[in-house]
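Structure in structure tokens, see below.
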Amino acid sequence: MLNDWSYVAIFTVISMFLPAAAIAIASFLAPKKPNPIKNSIYECGVETVGATWVQFKVQYYIYTLVFLLFDVEIIFLYPWAVAYNQLPLFAVVEVIIFILILLGGLLYAWRKGALEWV
Amino acid sequence: MTPLQIVFLLVAAITLFSAVMVVSIRGMMHAALFLVLTLMGVAFMFATLGSRFFAIIQILVYIGSIAILIIFAVMLTRNIMDAEVASLNRGWWFFAPLALLIFASIVLVLSSWSAFATLRDLSSTSGENILEFGKALTDPNGFVIPFEVASVLLVAAMVGAVYIAMERRGGRG
Amino acid sequence: MDGAMILEWVIKSIFLILVMTGGFAYVTLYERKVLARIQVRIGPNRAGPFGVLQPVADGIKLIFKEELVPAKADKLIFTLAPVLTVIPALIITAVVPWGTEVTLFGRTIKLYLADINIAVLYLMAVTSISIYGIALAGWSSNNKYATLGGLRATAQMISYELALGFAMIVPVMMAGSMSLVDIVESQKPVWFVFVQPLAFLIYFIAALAEINRSPFDMPEAEQELTAGYHTEYSGMKFALFFMAEYIKMIAISMIGSSLFLGGYRGPFVDQLPALGPLYLFIKVAIVLFVIIWIRATLPRIRYDRLMQFGWKVLFPLALLNVFVTGVVLILVGG
């Protein structure tokens, strides 16, 4: 299957070498003199208090949830966009209905306050 | 073996290994990252089987949003790096062979299914015909009903999720 | 298997990677020079004439810097994160055409790496993977600033990805293809930016947010998060994050040029295909100038406003734009 996709695969493999080589070269050339103070966590000179990995805001999760649904919508719309020039009016109306239904979902999330950060 | 088959087997091995790691590793964040690796392996398999469109969708939906959703969910729970909890429960010696048995019977059933062996070989074509796909998606004789139902399903899922999440937050709105 | 073909591919891949890396080095200088001129300064001018050796000096300095790994960090992911950030930034450029084809040493060489039939979806997919490097860098550092920066970056990137996706549908609709080569070719009569200025604007804003550039550089807001997700990084690993950011800048300029500004198209490009890369270079340089200009002009947006802008202004606008384009194209095309 020698086609443009194998090309992308070759390019991906080659592009992995660049950052890997950079880190490898630097690990040979860079000095290594660690000490506990250097390796402590940076917090503007103040010692860090409490655990870093604590419970985070639920808002991050809600945004991702709404994002997921519209992400799926985008994927449905791309094949439609490709075929757009050759579609009958009926098909375009269908997609407009599709968008409107999802717009309704967005409005619900909006009214419900899911899009508020604070 | 062709080079493609070797690569396929290699990726399959990585996928299976990371799938096992998802359930056995301590620390939920690492489990989530192994899940991403598994999903990546599945995407690669779609690509080698000639279905690049689904490979891209696998990456876009599963890795780009569902895995991120899972990572945020992990961050929402407390003690995410707590390695004290045993990752295997006590009955594992019973359930591991059971899972293998179920897997073996699925393979057996599928291999005796005639359509499984006669799947169309897509790997020779340069990819799917997205144009035909787009037409079929909105064709009244094609998939227009599933297409519209999908939008209703998506909205229903979102309304449900937002409702539950917002109620938990303290019933605002 | 055609050996010469594979060799050509490998050479083109390495060439593109070298161009992007060299481009990164000189975009840093370009940015410092332009910023300096806007702020009535001179900018770097000591290393070589007009400071052209400055990126080399910076690179050598960064290689010889000590790399610190926080004692409590997740060491494997900490090392992996910069690599995972650079790879998507590089591979997203694989589908962007730099020209049609030229004849060199008796061989017809296509001036693009890959012409895949779902290139625009590929761009979306690579964009969505590029979140991971930043999120993991923030998380694995075990630093509160870094973790917050990583989280913010993730939430911001997924929010603006929607607007980006809807803005990129419009050129696909007009060209009737997802291949970037076809999209550029269908801009022969008129560039899409003149037909769809709103889509271009949405693309541009969303892309700026996607690569965490000013005024959307909230994940690395110095005043509140020190340096955001790369607070704990130093030496070469820091350089890789820096590199990814600038390569992404070049990449979004290349993609934006191809989708809306006619890509490699320009006067006489049909007669002389070698002009293609030159036109693309000029367009990328102009878009990069605008990006730097925006950085010099606009203050950073507050995070809650940034999220609100993404979800309540940009996203509905992008959705509406697809809607209106669909209706108008039907009315015009009959």
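For clarity, chains are labelled A, B and C in written order, and residue numbers in each chain start from 1.
Assume a contact is a pair of C-beta atoms (placed from the backbone, for glycine too) under 8 Å apart; a residue touches a chain by one contact, two chains touch by 3 or more.
Nothing here was measured: the structure is a model prediction, and the numbers come from that model.
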{"item": "Which of A-C and A-B has more C-beta pairs touching across its chains", "value": "A-C"}
{"item": "Chain nearest the overall Cα centroid", "value": "A"}
{"item": "Separation of chain B from chain C, taking each centre as the mean of its C-alpha atoms, in whole Å", "value": "28"}
{"item": "Distance from chain B to chain A - Cα centre to Cα centre, in angstrom", "value": "17"}
{"item": "Multi-chain contact sites of chain B, meaning residues that touch two or more partners", "value": "29, 52, 57, 60, 64-65, 68, 72, 75, 126-127, 130-131"}
{"item": "Of all residues in chain C, the ones touching two or more other chains", "value": "116, 118, 121-122, 124, 128, 139, 151, 154, 158, 161, 176, 178"}
{"item": "Sequence positions of chain A contacting 2 or more other chains", "value": "4-5, 53, 56, 60, 64, 66-67, 71, 75, 78, 81-84, 86, 92, 95"}
{"item": "Interfacial residue positions of chain C with respect to chain B in the complex", "value": "77, 116-118, 121-122, 124-125, 127-129, 131-132, 135-136, 139, 151, 154, 158, 161, 176, 178"}
{"item": "Touching residues on chain C, where the partner in the complex is chain A", "value": "1-2, 5-6, 9-10, 13-14, 16-17, 21, 62-72, 79, 82-83, 86-87, 90-91, 94-95, 113-116, 118, 120-122, 124, 128, 139, 141-145, 147, 151, 154-155, 158-159, 161-162, 165-166, 169, 172-173, 176-178, 226, 231-232, 235-237, 239-240, 303-304, 307-308, 311-312, 315-316, 319, 322-323, 326-327, 329-330, 333"}
{"item": "Residues of chain B touching chain C in the complex", "value": "29, 33, 36, 52-53, 56-57, 59-60, 63-65, 68, 71-72, 75, 126-128, 130-131"}
{"item": "Residues of chain B defined as touching chain A within the complex", "value": "4, 29, 47-48, 50, 52, 57, 60-61, 64-66, 68-69, 72-73, 75-78, 80-81, 123-124, 126-127, 130-135, 137-140, 144, 147-148, 150-152, 154-155, 157-159, 161-163, 165-166, 168-169, 172-173"}
{"item": "List of chain A residues in touch with chain C within their complex", "value": "2, 4-5, 7-8, 10-12, 14-16, 18-20, 22-23, 25-27, 29-34, 36, 38-44, 48, 52-53, 56, 59-60, 63-64, 66-67, 70-71, 74-75, 77-78, 81-86, 89, 92, 95-96, 99, 103, 106, 110, 115-118"}
